[in-house]
Every structure is written in C-alpha cells, then in structure tokens.
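Each of the next two complexes has chain A plus one more chain, namely chain B in the first and chain C in the second.
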Partner chain A sequence: MSAPNCLRCLVRPTAGIPISAPLAAPIALAHAHARAAPFSTTAANARPRKETEKKTGSKDHSRGGKKLQLGKFKKDHIASKGRSPLPGERKAYRKRITLSNDNAIPVPWLTDLGPEALASAENTARVLALPEEVQDQLRAGEAFKPTQCWGMFRKPAVLVRKETVDLANRMQDAADKKQMLRLVVTGDKVAGKSMMLLQAMAHAHLNNWIVIHLPEAQELTTACTEYAPIPGTDPVQYMQPVYVLKLIQAIKRANEKVLAKTYTAQAHPELPQNIPPNTPLLKLANVAKEADGAWPVFQALWSELTAHNAARPPILFSLDGLAHAMKPSDYRSPAFDLIHSHDLALLKLFTDALGGAVKFPAGGAVLAATSRSNAPRVPSMELALAQREAEERVRQKVEGAEVPQKDPFFRGYDERVEAVLRSVQVLRVGGVDKLEARALMEYWAASGMLRATVDERAVTEKWTLAGSGVLGEMERATLLTMRV
Partner chain B sequence: MPPRLNLWSACRALSVRARPFAPAPPSGPAALARGLADNTTSRPPNPNSGALPASMLPASQPPAYTSKENEQALDQLRMIEYGLTALDPAVEGHKYGLPQLPIASQKHAKHRYDSVISQVTRLLMEDGKLAKAQRDMAIILNYLRTSPPPRLDPSRPLLPGAPPAAHLPLDPVLYLSLAIDSVAPLVKMRGFKGLAGSGKSLDVPMPLKERQRRRTAFGWILDAAKKKTSKGSGRTMFPHRVAEEIVAVVEGRSTVWDKRTLVHKAGTGNRANLTHAGVKGKI
Partner chain C sequence: MMASSSRPRLTSALRGVSRTLNGGQRQPLEQHFQSLQLNSSAVRGRRCLSTESTESNANGDRLSITAAKELEIKSLIKKLTPKYRLAQHARPVPISPSYFSRTPAFNDRYLVLEKLSRAYVNLPVIPAADTERIAWKTLSDLRQSFGEPVKATDYVKCLAIVKRLHQIHPELKPDAVKEALLDFQRDVQAFLNVATPIPIDKFGRALGVGKRKSSSARAFVVEGEGQVLINGKTLADYFGRVHDRESAVWALHATDRIDKYNVWARVEGGGTTGQAEALTLAIAKALLAHEPALKPALRRAGVVTRDPRRVERKKHGRVKARKGPTWVKR
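After this line comes the complex of A and B, so read on.
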C-alpha cells in the first residue's frame, strides 16, 4: 500500500499527483477521482498518456554517469544532399561537349569556312571558323570529342593545314570524277587525326554531301550494345539494332537538308510504313522509331543511297578508331566463338566500302582514322598501312624505299583485314610546320587564352617542345597552363 | 690545418742537394709512340727512338678524313692558340640571341610554374603522384577559365587591388591565387603547455608566413571540396569540385570564410597572452 503523503518531506502532495480528469468533468467528481488514486493505481495507469507527461517524465529510464557508446569513433557520415544522379547522367556529364566559352575574346579577323575554303591552298596556315549550321551538323554526327579543346574559345575554329588541303582536294577530285576515295588517316599520338576527319566532314557538309560517321569503332565491337543474328545470312551476320537506331537518327539530323531533296528510287514493301518511289529519303529515315525495326530501315536507306539509277549526292562514310574494327570483336556466337568484326553487318558495310566492293553512285569518300591512345594491336593493319605508304614512296622513286614484308614466323596476321586494306590510300598526319604553328598561336593569343607575345622565338620554342609541331603537344605546352 | 709559418721551411729551400735529381720519365714523343687505338697488337715502347711517328711529322700526308668543317675547326683552334678569340659571338652570331642574365626563375625547369601554382599542386598530390596532381591542377585552371565571371560579394571583400570580376577567368592563375590569398588566415594559435594554470595550455596567436597562410587556406578549401558530392564521373570530378569551391570562395559563399573568421576571433581574443610572463622569451 502506498503512502498518501510524500515520505521524505512529510508534506501533503499538491502538485505531485497529476490531475487526470478531463477539464469538462465536474470538479467534485474529479476531486473524488484524485482522492481514489492513492489506493488504486489502475485508473491512473489505464488512462491514455498525454504528450506533456512524456516530456516531463525521466528520459527513458537512463541513468546518469558513464555510458557505453558504440561507434563513437566512426567518421561522420556525409549526408547525401538531394537526389542521386540517374543512370547515364554521370556519363552524360563526362561526355558533354561545350563548343563555346563566353569569357574568350571574340577574334575580329576570324572568317567562316566556305564551300571551297578547305580545298584552296591559299588558306593553308589560316584559322577559319565553322559556320553555325555546320557546327550543328557535326555535333549531330558526334564529330567533336570531349578531349579536344573546343570549350576554350568563343567559337569553334579549325586550322587549315597542308594535309587538310590535300585531303579536301582528293575528296573533291573523287567526287568530280564520280569515283570513290578510300583513305586511312594515320599518324602519331595527338597529331590531329580525328581533327582531319572532322575537317573532311565539314568539307562534305559544306558541299552538300551526305555524311555518315561512326564516331567510335569500339562502341560497335566491345560488346557494349545489343546484337542479334540476321536471319537468312550465310555466313551469319549480326545486326546491332540499338546502335543502328541511334545512327539513323544522327544521319537524319546531320543531313536533313540533303535527305529532304533526295528521293527514293524503289518501293520498300518490307517496311511497316508504305514508302512509295519518289519519297524523300528523310521520310524513309523517319520510319525508324524503335530499335526493333531499325536494321531493315537502315538497309533500305543504304540501298537507296547506293542505287545507281537515281540522282544522288556524293557520300562521305567515315569511322574513327580503325583498329577496333579490324580484329575479332568481343561478341560471341551461339557456339561461343568470337565473332569477327567484319561479321557485324554495319561494320561489314564500312569495310566493304573501304575495300572497294561498294561503289557510291555519285562518288564520294570512305575515310578511316586510326587511334594511338586507345587501340588494340592489329599486326595486319599496321603492316598493311606501312606497305601502302612504302609503295607510295616506291612509286615516287624515293631512294631506299622498301616495301616491308610479312614476318614468316608470325601467325597473328588476319587475311580479311589485309583484303580490306589492299588498295587504300594512306595519309600520314605529322607535326605542323612553323607557319601553321604561328597561325594557331596567334589565334590562341587573340582569343585571350595565351598570355604571351607571339614572336618567332616563342613559336620556335613551343614548336620544339611539342616534338616538331605535334598539335596536341603544342596545346599542352602552350594553351593549358600545366600538362594534362 | 694550414701549415704554420716557421723558419725551417725557408731554410729547406736553401738546402744544397748532393745527389742529382731522379731521371724524369720520357715526355711527349715516347707517350705518343705507345700506339694508336686501331693498332690491336700491343708493343713495348721503343726506348732508343726519340723521334715522332711518321704521321706526327709536319711533312707527312694529311689524314684521309679532312673535311671543310674540320679545317674550320682546326683554324679556330689555331687562332685560340695564337691568343685570338675565334668564337666571337659578334662574328659568328647566335640563332636566337643570348639569354638575358640573370636567367628568369621561370626558365628553370623545376621552377617553371607560378609559385602559388607549384605549392598548391603539391598540396593536391596524393601518394606522391605529382603528374596526376599536375593534371588535376590543369583541369582546375581550365574550369576557372571557362566558368562565368564570379559575382563578388561585398561582405566578403577580396584582397585590395584585385582586378574586376570579368577579368578573372582570362587569368586563371591570378583567379586561383586571389581566392587563396583572400581567405588565407593571418595568425594561428600556438598552445604553450601548462601555462594557463592547472595543466591547461595557453593559446597564443602567432603570425604566419606567406607560404604557411596559403597552405592553411588551401587545406581548408580541399577539406570543403572533399565533402562535396560529384555531379558526374571520371577523372575530372575531383578537380571540378576543388574548382567549384574556389569559385565559391571568390563569390563569398564558401564555409572557408567562417573558418578564417573563427581563427581571427580566437587570435584577437587571445592577444593578451602575448605578454604572459611564461611566453615572453619563447616567441
């Protein structure tokens, strides 16, 4: 039995016992209830607890003094703020391409590229800007790369080199004669091989060619996109529907004007949408909405582009990172054998064109660029390119030129690769000369990105530091404050 | 130990030698007669012939490898022998002129970068990977170069004499040094053990040198950058976070300013300790 009074202080409790009755109850009843509490705790415990009581009560029966704390030495957890990035968002951030820098000073003497600008030798060692429309087209074709320094200048501009003029002239000659230029651009690391492809694409766009560009061969062969066998092919070929859909959309965006003016020559009953003859090719390209039907649409588009009985513009078909397309891919057949890259249908189209098996009706060019930083070793390709270069030297009767031969004790050669590269031309891109280096450095200085006087001494210094004018090295030595 | 001056050394020079000097080894011609490099068979020196070999005599045939350049070089050597300056830069000339002396510090391979940049790059470095730190620094500077001009906060003034905000992106090195120097603290607290009574240490403000101030400030910036989350992926992420923090410092948004304020408050609060009797001789 509990004592009614507080035993320690011997004072009758007044505020110690909580008033339990609701205020609406009569006072007499409440008083009785309060008086009943000392004899029976049931009623007091049974009533619902109030929030205020919780706070006034002791803290969860915890005693004072020393307590065991677990994990008190753990590092502070960084609270994640906001949402986490969606799948693919981080990669998009990494790969995003900025083509303009508002901080850079606009260069007053910079002129836009014209249709003939890249083919005329007067423009050698001049920096020329890409027109807005061509910028959009090149962006759609993924010609710009995130490692190139586009984001530093007010406006994307390119240096016209001797090799550029040479390449543009060869392309123009081929188109004039309705022939095909089949050429591989090769050279040292960061020498400007991809930039040479970009300039070729710009030239093609300016002259109303149709441009099909495969920006990275490794996207097709490293087994990172879906693939499926094409029924009715022997030996079995494989299509890559998701990539092809992306490619069709890129072609459509890059060549919208030209495709709208080019018309189909035959009907395409195999497509889900009715495409009668004399329909613009743009409409044909629009048929591809989903990856499932993309490959037949691309085939139809390809057959239209290569149809010989209709008016067609010249075509530029280009690929970057050739080595990845010249070796067995990482895909597996149902028998778990590695599939050769040339059995992937899209790459087969390219290699056939590069090897000379396909003829474009109005001529054009098939260009490929090698890569030095991300390239598997392909001995056949290296040998074939060296042989083609040496043959050219022999043809020009250079002293001591000798065509390299196969190593008889090496088994790693690939006949399919040799067959493709048997008759291509090779354009070697090396360092720029000092005149070109000076033009480039003057452009950098005029843009405010290079804070130095550009004189002969400075140009020679940077040119030498860059290994006789290798462009990427010049950028590193001059443009970027420390090496990247 | 230097020899002492004494009388005996002077006397030794005056001494009379009774015996003749030891015979000197045969000079010049005998040494030349030992044989040329192309003669593979070893032969003993010929003691009785004091004459030069045939090729050494002036009347003999000139060597077969003479060329124009060789002749020029020999002429120059002869002129030097006669006491004339053969390699006169006024005559010969230099392709790119002579370097200006004293050579500027940035021409030295190891001091080629700005002093702030090289110090901060080494603070960025982890595991001794300097090349990676340099790449990160280049990405930071590129970020500053391409980001829009900062909107300055008047309540967080930068160093006096700073250029207008629109000029900063065009000079990223200045941008970075301005940010670091503006938040750099002037003092640090040094604790003197046991001086505050009952075993407590006495905090005394100590002035920092320029490099120390920069080091502290960039350490704070790095701490703040490491707590941020990345937007993307890849190797540019860490330098981008650092660069964002630097922009935040210049715009006055960064928490680094609060750290600086705290340190300065503690410094002013404890400045009376500078005259503490226990501290007096130790600073």
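After this line comes the complex of A and C, so read on.
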C-alpha cells in the first residue's frame, strides 16, 4: 500500500531503478541489502549503487568492510567547509541596505512627500513615501542605516511626527530669514534621532537645499581613515583626504541638480584644473579625482558655498553620532599626543558651524544627532545639552525647572565642547503618541507586515510594550519578534 | 485524673464486686468508689485502665474516656471487708468495649460519634456548602495524633459521620457534638486565614506585591492610559527582552485592561526574568483590588498563584544540586 512516489520530496522515481536492478542478478540473500526495494519511499535508498560497488572492487588495495577511522568527522568537516568569504564580504553583507521588498503589499493610499509636506501640521500622524529622486539623494548621502527596517516594505516611507513638523518648520523659518538653525537632536535609544536627520535631509532635498551629511562621526575620529597635517596651520589642523574625497563624491551625487545651477564666485588658482568664476559648482566638485588633491577641492567648494557675494541655496550640514566628534580623537600628533576632534579640519568646519562661527549666505541648518548605542561618554556634551534643555524650560516658565551646573570636583569637562554647544537648540525625540503609533501600525498592517487588527487595544499594547511609544521598540515588539 | 474522677458517669465496676452485688445495690457502691478515689499526685504505683495515656488525660480533659477507675485494692478490701466479701484477685473491668482492640482511642471516638449521630438524627441540618469550613484531619494526621493504626475504610466511614454531624444547624448543635468533633479537626485551621483585602487609597492607587524566585515587586496600579514605569524607567528601558516586557504586563494584557491602567512599580532582587514575573503577580493583585470580578480570568491567565520554586540547594558529593561529579578512573 505504499505510494509510488517519494512522499517527502515528491520525486517520481525513474523507471529503470526499481525493477531492472534486482532482476539482473540472481536473487541471493547475501546481496539482498544491496537491492533497492521496488517500493522504497526513500529517494536516497532508491539510487542505484553501481558506482560504490565498483570502488570496492579489486582496483585499489583497501579492503572492503569496516575500516578504522581516526578522527570521526574529519573528512566531513573538510568537505563541508566550502569557500570562505572574501575580505570585506561579511561586512558588506552586514552593512547592506535594502530599500524595498517586492513581497510586501503596496499600500494604495501612500502618497509621496511634497516640498511642503514635512512642514505642514496636517500631515502629523501620517505615513508618507519618499519620492524616487529623494531616495537616490538620501542613499548617496548615506542617510539610510542598516539597522532601520526599510527592507520590509514596498517603498521607503516615513512617519511624520510632531517633532518632524517642528524641525521642518524651524528649518524653513531659518532659511526664510537667511539665518542658521543650529540644533542637536537627542533622545532615548532607538527613539528615531537618525530618522529625524533623514527627514530633515529629505525636507532639504525637496526644497533644493544643498545637503552635506557626515553619516558617522566615528568614521572621522576613530583613526580608521588616513590623516595628514595641513601645512601652514597654527595650531596644526589635520585633513583626512580619503574621507574627504568620498564626501565630495557623495555631495556631488546627492546635490547634482542644485550644484549644476550654482556658480562659482571667485577663481581658484590653487587647484590643478582651471576653474574660472561662473563655473557650475558641480564642475568644481568634479575636480576631485584622487585623495591627494581632495582637501583643497573641498576647501574651495566650502569657500564657494559660504561666499556671501553670490546667490546660494540654503545649506543643511548634518552629522550623526555627535559624541564621537566631541572628544579627543584616536589620532596622534607627531609628538604622540592625542589630537582633539576639533583639530581635524573637516570636523572643525562642522563644529564651527554648529557653534555659530560660520554663517551660510542663504541661511540653512546645522544639525547633529546624538547616538545612544555607540557613543563614548562626553560629560561636557551631556551637561551642555541638559543645560540647554533646562534653559528652554526656564524660558517657558515650567515649574521646578532648574539649570544643572558643573560638578566642581570633576575634571573631565572639555571647554572646546562647551564653547561649541553654548548656544545650540536641543530637540528631544521621545516616544510617539498613540495617534502616531496607530498611523504607523496601520501602515504596517496595510503592507502585510503586521497581521493583526489594528484597534485601540492593539495600539495601546504595542505602545506600552515599547516603553510609551519608542518607535524602534515598537518595531522590535511588532515586526522583529517572531511569533510562532 | 482529677478531672476525670469528677465525672459521675465514669465510675467503674469491679468484676468481683459486681458478682456479689445485686442490681439494686449498685448505686451506693459507686458512690463509695467515688469517695475512695485517691488524689493522683499522691499515688505512685497506680493501676489505671484508661485507654488514654496519662499525659493526654491531664492535658485534654474535654473527652477522655477512662475504662475504669484507679483502684487501691488493699485499702478497698480493708474498708469493705466487714460488709462485703471481696475477692483478692479483683480487677477493674474496662468500660470501653475497644479496650482490648488495637485502636482503642479511635474506636472509642467512633462509638461516641455513632451514638451521637443516632441520638441527634432528627435535628435539622443545613447544606454542606453553607457550613463553616473546617479542615478535618487527614488519615495520616489521625494516625499520628492517636498513635494508632487506623484503617482507611474506618476513617472514611468515621469522617462521613463527622461531616453529617457538622451539618447540624449551628444554633441547635448540642455541646456534646461540638466536643466530639473537636478531636477530628486539624490543629491548624487554614480556613481561618482570610486574606486582607487590598485597599484603594485616596489617590486611586492599589498596591500589589508579587514575588518570583528571589525578586519581589511592588506595583501601584491606577486608572490611566497604559503607561508603565518600573524603578523610574519605562518598560522598554527596564527590560531589554520583549518577552520580559510582555510577561510584566501580562495580567493587564490577558484581561484587555492594558489601556485602562497606569503602573508605577518598584522591583528588587533576582534577575530580569524573576523581576518580570514578580511584576506580573504584583500587577495582577493590584488589578484584583480594582476589579475583583477579574479573578477567574486572571487565574486562567496563570497570574494569581505565586510560583514557589526557588533555586535548589547544592548537595555535598554533587557538583551542583543534582549534577554528579565526573567519573574518574582511579
């Protein structure tokens, strides 16, 4: 009564095996085990054994039967090892960013972000998709991170939160008044600080700003990229040519359109290529082909972008992982002293801008986001941010607000850091409210990633489990936890 | 012995005496014996035919069944000789029919109970569910307390009578019945322990306490919208594992109350799992203070009973609690 096919693998046995093999030889009990049963349901056993029988014949000297085998699994190990991954392959796999999932259901009501979408309050608690062009720009600027769940949905979409609208409005106000918004985004772990930067960048791209983004401050300060002293600087500053070349190319790709429409105001004789005035900045950026000449090109680009006598678009200069940029770096000077991060020329540009020493001609924003997962302790920065927040509360006359003071017995404070953060604004990103959580969960459900009814109860449950609506925790509790 | 001697019904008869006496003269003889009773403290080598040990008589004087009085044969003979002839070999006759059985204490009580149940069979009874809950002695308890090998079948029959007698309407229950039942009650009555209800204070908080492993948690539960603070941190901050977060608020989740209450809790001791499950219990108890009707639902969710398991102690000769040492050849 056995089935003719292998039930487990649904493979139909070939016609020759079951009948012809046993009938070719006289049936003997000793060979019975070598015969494939005509009704075997095991595919492996149904295979003819001719090859193995040949091997055990007279040709090689080893006798058949039981053999002593030292090291029981040795051969298997060698066989199963396969090709080891090439250098960098594992990291590339780990760091790859997938922005779409063809298996996810497309959400019919999902609309693309418009130039004003992030700044309008009626979009609060709505999920909006990033347009294709902005996706490319953000990807070029490395705004997406591998830890974010982009790869689960059909196309990248962002939740517009109250904080987003607030930030976009502050940016817009600053640009309208040709002022600079200097702001630090801080908040709990996985609360959406980097996502805030991404939304700010999206807003900037949509409004034709120039966006310069340093995706990880630690890439600049943990001594993993080349550095060299800049001649003629006192105190000595250091350039990081390889990183700067990469940055110039990222800026070029992300802001191609805007740079093509912005023209140089002065000549740059120090560059190897002749760049006369009224050349598109894109051409200037194209001059950087090798790491060797990258820093002068970047300097030229920067001086053009900050030139006050020409028409310039607003600029967004942003950095993620602020703590790494607010401490002595891991680089060493020729005297083997640690180099402060603010002596690295690129970071000095950023910190000067954040501290208010540089003015962008058409205004713009300097944003920095702290990180909670990979961040060294920087007491000065923590204190400064706490002080700025408390000052804001005092200004709003919140009851019991008190500005924290320095610990007089602690020596680890850094005056350069304090100087930079003396007048920044602080935007604290916390949990979302239930309305926003509901919008997000509805989007998840519409994408087929959350297979449950989204009602008041489900929303509150996830909201509570995520510690009062911390977005990353909501994702973890809802999307990333396998329910079996 | 003094207490037992005061009882008139416990006067005894002597075999020799009873032979010599006719029925009409029995009463005065008993009175004689009463008067002849010696103070037990004065007596050294006494002969007593009680089915009880002397200690239990001295302590539990409420129902001690004495087979026969102590007798001082010689003085008795001296007194009685002028009037009656008393045989030299006279011995007291046990009044208990179970005196020569292996289980006199149990049998005596059994007989008493049977007698009482026959006597009071017509008294009105209340349903068994309405009676005062009393923990009766189990078979092993009974064997232990009487020091006798009581048969299980006898125990069952006896307990049926006990329960029947206990059903007699409490206002009409005779003292004799109450007294007879006392011997079948357990020494520690668990039903007297009534849990004090958790109050809800003027701020609307109910405080529940829960324990698990070596963690203990105190949870203040108020009506709210689903916020949880544990030791000043949010649920996500305090518990890294999603599973722990879920088990902490499981009582609210299982009853669909997660959006109706806020929780403020203190937890200490133990590890994360223990703390999370201690919180489960604490929140469930506090929730019960708000809504007592949720008890069956919470019990089904498994958050009412404290899990009593603790770390098993290490034993000598073992590597851990149970793990045996590695076998070593010599």
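Rule of thumb we're sticking to: the second predicted complex is superposed on the first by the 395 of 484 C-alpha atoms of A that agree within 3 Å, B and C clash if a C-alpha of one lies under 4 Å from a C-alpha of the other, contacts with A are read in each partner's own complex, and residues count from 1 in each chain.
We adopt the following convention: contacts are C-beta pairs under 8 Å (C-beta built on N, C-alpha and C of every residue); 3 or more make two chains touch, one makes a residue touch a chain.
As the structure is a computational prediction, the values presented were derived from the model and not from experiment.
Contacts of A:R90 after superposition: chain B is touched, whereas chain C is not reached.
Using the contact criterion defined above for the overlaid structures, shared-chain residue A:E442 touches neither chain B nor chain C, since it reaches no partner. In the superposed model, A:D188 lies in contact with chain C only, and not with chain B.
Looking at the shared chain after the overlay, A:D112 reaches neither chain B nor chain C. When the two structures are aligned on the shared chain, A:T460 is found in touch with chain B and with chain C. Contacts of A:T481 after superposition: both chain B and chain C are touched. Annotation for chain A, partner touching more residues between chain B and chain C: B.
457, 460, 481 are the residues of chain A that lie in the contact sets of both chain B and chain C, per the superposition on chain A. Of all residues in chain C, those touching chain A in their complex are 225-228, 233-237, 242, 245-246, 249, 253, 256, 258-259. The touching residues of chain A, when paired with chain B in their complex, are 78, 80-81, 85, 89-94, 98, 101-105, 151-152, 448-449, 451, 457, 460, 480-484. Put simply, chain B touches chain A in their complex at residues 96-97, 113, 117, 121, 131, 134-135, 137-139, 141-142, 145-149, 169-173, 227, 229-234, 236. Within the complex, the chain A residues that touch chain C are 188-189, 431, 434, 456-457, 460-461, 463-468, 470, 473, 476-477, 481.
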